[in-house]
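For reference, the structure is listed below as structure tokens.
Chain nomenclature is as follows: A, B and C, assigned in order of appearance, with residue numbering initiated at 1 for each chain independently.
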Amino acid sequence: MLSLSNVNKSFGKLAVLKDVSLTFEAGKSYALIGPNGSGKTTLIKSVLGMVLPNTGVISVNGKDIKGDDQYRKWIGYMPQIGRYPDNLTIGQLIDMMKNIRAEVTDVDEELIDAFKLYKLYGKPMRTLSGGTRQKVSAALAFLFKAPILILDEPTAGLDPISSELLKEKILNEKRKGKLVIITSHILSDLDELATDLVYLFEGQVQYSNLVEVLKQETGESRLSKAIATMIKQKELLHSIAP
Amino acid sequence: MTKIIRYVFYDLLRTRFVTAYTLFLWLITFALFQLDNDGGKVAVSLLNIVLMVVPMVSVVFTTIHFFNSYEFIELMLAQPLARRSIFLSEYLAVASSLCLAFLVGVGLPALVFSLGMVGMTLILTGVLLTCVFTSLAFLASVVTQDKARAIGIALLFWFFFSLIFDGLLLWVVYTFSDYPLEKVTLALIALNPVDLARIVLLLQMDISALMGYTGAFYQDFFGSSMGMIFSIAVLLLWAILPLAAALTRFLKKDL
Amino acid sequence: MKAFLLVAVIFSCVCFSYARVIKADHAHSIQQAIQIANPFDTILVTKGVYKEGNLVVQKPIHFIGEDGATLDGENKYEIFTIHAQGGTIQNLIFRNTGIASINDLAAIKMLQSSKWNISKNIFENCFFGIYLANSSHCWIENNKLTSDAEAEHQIGNGIHLWKCERVTIQNNWVKGHRDGIYFEFVTNSIINGNHSEANMRYGLHFMFSHSNEYRNNEFINNGAGVAVMYTQKVKMIGNRFIHNWGSSAYGLLLKDIRDSEISGNDFKENSVGIFMEGSSRNHFSDNQFEANGYAVRLQASCDENKFERNNFKRNTFDMVTNGSLVLNQIKSNYWDRYDGYDLNHDAVGDVPYRPVSLYGTIVERMPAAVMLWHSFLVFLLDRAERAMPAITPENLKDDFPSMKPYAVAQ
């Protein structure tokens, strides 16, 4: 559904993505993890076309995204920090997004209802708290029933109830056969949500496999522990054979 | 594209800044007309506003706005929209709201107090300079990732065209004062939108009689319809070229 | 003819030794009247239009017109050509003289004549109106001269004097001629209370005309203002120079003027109030310079001129000069731009005022720099120069600037 092959990207001298090749399949949810500066955000932005890779091909549904902008109608994106025109109200923002994607008539307003955003329709964006913005971002990401969902830190800053609602929604969508890519530092969330794991380190894919496989390999039952063990193993290997 | 323009435009119109700018222009223009019955003197004061205030406000506001809407641009980029149309929408929305502020703030009073041909020229040059400096500010905004640096570059554009360029021009005039410089300076003036606007405005006012032979030469050139078309075309180029450069940069930019 | 003869006979009988009155009317031409007139006879021109071509007058005669008596030159002729000592031309209407590029055709041309009184006449579309050459002791008063010519070469001067002396020109009204009033080699004459407006070239133009007095005249909206040259001992007092506006227009252009007095004049809305070069020992006092482009353009070729008690208000440039050596004296004027202080309250500013701005100086030296007008750079330059004078002439300053404007007669 979404694949990257030999993608390289550097900002100046700094190589951020090194020969990244990945395949993401529909019906699965991927946890994209790695320390700060490992290239997660750059990878996501490359997929969204915000960052243009130096070399390599990114394709969605088998089509190279280079020079294309229509492929993004397949992607629902929830940014880490959602900032919107200050003076638009929530209602206007949602109307605007619908307006821009006027071709989609069958919209998914489940999250708008779940978060009770319709009560805040008249509120300008500048008056909203960080959490409410998150909710708006989440609602917008799911609004057009896009088959690929890219969620950057989706639960960060959400209250526990909303967080649960969102996770529920993500799982539902995955079950419907969508591709979900999530980055998060909250590993316990990922434990519930992710079927696959991609670990990025210094711009390289260090690990990419089923979460279940990782747990088996490391002998841990919790994802957080499993990842920690995996990282230690990697570091050990690295120190032996650089 | 019109959809994006509409929303950015609404957003801008609702910011206090554009309202404040409109009010500021309106108050100044109105006060000038109240304090002085001599339309010519008011026109000279308005000329200073058009040449100094309008470009400065345009560059500063545009740059700040660009960086404030960075995330919004990101949001748009995640939609199935072409970068080109997102960028041009931003430009058109910003330029037109600043132009609108100028038209309401200066244009309306000028029309009410019937400044005639001078007023028309003031409005035209004010609008064109707004477009030019908005465009330069967009260029400044895309060449760097840093907001403060972008504002610095934008102000440098303003400073260059308002002051430094004229200093260089004076130096050229001084160095080559033994030669007939009219045509050369005419070409040099076309390299600075502020100077071009200023000359066009001055020639509309009767103080142009004080400009001697040089003034007469310019009057000859700019007084003709060819000269008018030339000035408007050059000012439009000054709006289009930096915008095109900014767009090219934006298309390849990592956000 | 009978009536005419009767009148003639009666007059010749009754007043043989006195001047007679001869009537010119539709039956009797002015030409005939001139022929039969004795010196100092009066010719009464009755109402009507007389198209008699050129009338040559070689004896002193008093021409008096009834209201509406009109002499028409049919766009071909000079009307009066006078060569006589003494006489009057009064209350006549002259119109449509011929236009010629070689001869200066005039409504009234006076050659080597004297003691004429030309008053209350109206001149419409005459090439030259009143033309005096080699004449003296004439009185030209209350005439009205207008023309609607469109180009300078189609029109001569309103009142034109060449090599004359002791002429009084008073309360005349001239509009639309080439020069309103033109003097060349005219001396000891008085020009008083005239109004000269919208003439193609100069409202008043004189050269080599010494010891004349110009008082209380108005020069408004003339193509090039007023130009006076190569003259000494002139008095120009209480005149008004208004709205002489254009790239080569001057309120008053002084070229090689010496030992003259220019006082109590009002210079308003001229592109240049006074432009002077090669002029010396002139005294400018109690003048008002208001809303001019340049109030005074003082070329470096001028010396020993004195400017005092003048008002300078709302001028774009108060003064400019093209040199650094200044040999003129400027003191005790009022400058509306003066921002000094007066600690001892003696109504005299405590710091000198420098009327020459840096930008004004730059433009004088490099005319092309005028294109920087109203730019931010110029604004800054002038501010900086005021704080630290470097380029403007050091000693061109008013050490005793008045804090208050002088009351000048308007």
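Rule of thumb we're sticking to: a residue touches a chain if its C-beta (ideal position, glycine included) is under 8 Å from a C-beta of that chain, and two chains touch if they have at least 3 such contacts.
Since the model is a prediction, treat every value here as computed from it, not as a measurement.
Located most centrally within the structure is B, per distance between chain CA means and the overall CA mean.
With every chain reduced to the mean of its CA atoms, the largest distance from chain B is reached by C.
For the pair chain A and chain C, the distance between mean C-alpha positions equals 90 Å. Computed from the mean C-alpha positions, the centre of chain B lies at a distance of 48 Å from the centre of chain C.
Note on chain placement: the centre of chain A and the centre of chain B lie 42 Å apart, centres being C-alpha means.
Listing the residues of chain B that touch chain C in their complex gives 44, 47-48, 51-52, 162-163, 166-167, 169-170, 173-174, 177, 181-182, 185, 189, 194-195, 198-199, 202, 206-216, 218.
Residues of chain C touching chain B in their complex: 245-247, 249, 271, 293-294, 316, 362, 365-378, 380.
Against chain B, the residues of chain A that register as touching in their complex are 11, 45, 48-52, 69-73, 75, 77, 79, 81-88, 92, 96-97, 99-101, 140. Put simply, chain B touches chain A in their complex at residues 3-4, 7-8, 10-11, 14-15, 68-72, 74-83, 252, 254-255.
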